[in-house]
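Notes follow once the structure below has been shown.
The letters A, B and C name the chains in turn, as written, and every chain counts its residues from 1.
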């Protein structure tokens, strides 16, 4: 059984003029133990909302539908009440820009100890010890736990955030753009750390990013999101070499690849508005392979392998 | 970070107001307290302008005994000189509002200039100016005002000048911060690269950009100036030859209105002042809010997100 | 920590310089007032001998820089001149009023803090609800009321029903009945209530609005979302993270609003005839007792500067980010 299974998840946000933003429009995917799944897409495609929903961290203006199975149990069924018990102990998150994820007036150590003590895993001195161990795991000296967040560099803060995330030994780690706003050298270190930790501790990870080369390096599989829906899912190799969906293909070719020879083409146009219902395939206006059906009927499911799926009208030729 | 904002932004379109009046009306609609404030202010300004024509009695016309009680002819009673309170209130509006506006304008001019100079030129000029500002900022305002007023003498002009001299510090700091931001903007750098003179840049680029905030701050400053005028008048340092609401409160107190139980001599001017100050504050804070929108959504709430049933769709995805 | 001391050092230097500026400003305002040098004293009821004494003391026949030097020397020795009215040293005359004002201000400030912080936090927590809106409007209202007017209103409408005294600092007839220390203290306290309540209400308006917006700002920060993700309950988050962060600006604000409080005190003590430093200033203005005014101004200014200094130090202590 997969450790996380999302079925037809929808998220809406209330808008001021009595309208609604349909931010996540029925996504489904599975996450296996020890697997690293990338969640890719342009900004605004709903990927961040999706993972926030997995922890129930939505604002009161939001509503959700669908099912989220954690080890077989539907944790979305009771709303915040069924979500809260699993926070951090089963699913934890490393936020984008962990720079600000720490309370500036408390020490890093105390903030890592907080969830440990809250979950009852350890108290007082034992918690301090555990915090020091966690910091060592991510490459920070344990003695630095009594320092304040502003005394850490950006990269070190991100590491500390990772240490904090694994503090309660969760099954799943959600990482939201963990390396944006870090410089290249540090990015590589963080990614290495994430890979190493997930392998060593048997964690499953979902990494949200808009950075495709990253996905190829770090993740086993990826799901490509567009306008609140998943366009294609598959292994990173499949997505890169044999994409089924034009969006996937155009995305990857928009990425400069030093070793390949093809031209760089960016995708013109902008994503559609999510506060009105969309007819047909949301990508149709910008798609280079669109046919008449694309603007009128929702695209059907196509598969090309045990786990390689896409929703598209157009048959892809190699 | 704003992981939540990311899901909002690109897809809900921003509406661009097509004209200034449209923008103004929208502002008033979105900030009802600004609308109320503006309405109240308009009311009092009209009273101030048309005062002499609408006041039922004269400003120094004795029509009855001291602290005469309210009656049909005199709905707000009479003051310590037997003069109709309602008329006094109307006449007083003029002086109070004029002093408020004028004082705020002086503060705005002095403070604004210093702020612009400090923010635009930066470096040593900035340091020097800000040092001076900081020293002035620390001095207690009313006390300083009392001291200066008692030395320079009691006149309307002095009060206006004093208000300006004491409050320029607030303006200076704020404007300086804004100017620093504007100075870094692309078009300013471009103008500098093209060799435009400092004066030209300041007047053509910087000032238009900071004008809205300057205006909002000046509005708030008027409230402060009126507050001060009432305090100064109360302590006997106001201009003895004019009627202002502050002076009315002062006279009532000095002539023991309380022992007479003459609430009508005390309450109305105070309420009028409070209304006007509140109106300015409401306008000013609403203007400031809309110029510096802090869209920070609280991450905590007593309520939580709702669950709802799946939408009907032919092909579940 | 080396870095820490440089911050403290700089703030101390700033405070000292500001005090010096205030002292010099005092000199400029009073001793250099326009007109004939002797009329700078503008003493209407002084005897000729007294005026001559003053002329000698202040060195009015000397040059301005020399006068300045004399003034600095005298000030550093605590010699603020002599009152025109009582001909006693100013510094002696100021002592009693200060003793009277201080507890009253303290009481008022405590009241306003308690009221302001509670309502501000509640309003922020219940943002958008009726409670919030009422608090904001209420705060705005109290913030806009002229202090002296509020004092008068309290006298008119509260003093009677609550049976509270409305003037002076103590009941002049109480002493005759041999009341004992407790009753005397109680009597004093009763006389302090209305003035302190006025201060409290005047300040509370501003505090409420600021506490609320500071709290709202804190609640929108990323670390709050992190805390929520870590499974903490709303109350735990407010208690452990939001409060501490939002209180930082508030603590410093409290010390910085002393300037405002002093102004209010002058008005309040005038209305209540409460013999504190505020009333003293009012009377000195009326009596044209310039040395007293000058001494009071200098004293109050120095107190405000000190309070600002304390605010700086507190900020340093409470916020670990302040080190440069």
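Annotations
The working rule: contacts are C-beta pairs under 8 Å (C-beta built on N, C-alpha and C of every residue); 3 or more make two chains touch, one makes a residue touch a chain.
Keep in mind that what you see is a predicted model, and the values were worked out from it rather than measured.
Under the stated contact rule, the graph of chain-to-chain touches is complete, every pair of chains being in contact.
Farthest chain from subunit A (centres taken as the mean of C-alpha atoms): C.
Among the chains in view, B has its Cα centre nearest the centre of the complete protein Cα set. Chain pair with the highest count of contacting C-beta pairs: B-C.
Averaged Cα coordinates give subunit B a centre that lies 23 Å from the centre of subunit C.
Chain centres here are Cα averages; for subunit A and subunit B they lie 48 Å apart.
Centre-to-centre separation between subunit A and subunit C, using Cα means, comes to 54 Å. Shared interface positions of subunit B, i.e. residues touching 2 or more other chains, are given as 1, 3, 297, 299, 301. Contact with two or more other chains is made by residues 221-222, 225, 228 of subunit C.
Within subunit A, contacts with two or more other chains are made by residues 95, 97, 100-101. For subunit C in complex with subunit B, the touching residues are 14, 17-18, 21-22, 25, 29-30, 33, 124-127, 140-141, 143-150, 152-153, 155-156, 216-217, 219-222, 224-225, 228, 234, 237-238, 242, 258-260, 262-264, 266-267, 270-271, 281-282, 285-286, 288, 293-294, 296-297, 300-301, 304-305, 308.
Only residues 55, 57, 84-85, 87-89, 92-93, 95, 97, 100-106, 114-115, 118-119, 148, 150, 164 of subunit A touch subunit C when the two sit together in their complex. Subunit B contributes residues 1, 3-4, 6-13, 297, 299, 301, 303-311, 313-317 to its touches with subunit A in the complex. Only residues 1-3, 134-135, 138-144, 146-148, 150-151, 223, 227, 230-231, 234-237, 246, 249, 252-253, 258, 261, 263, 266-267, 269-270, 273-275, 277-278, 281-282, 294, 296-302 of subunit B touch subunit C when the two sit together in their complex. By the touch criterion given at the top, residues 8, 10, 12-13, 15, 21, 23, 25-28, 43-44, 46, 48-49, 52, 56, 58-66, 76-77, 79-80, 95-97, 99-101, 176, 229-230, 270-275, 298, 300-301, 311 of subunit A touch subunit B in their complex.
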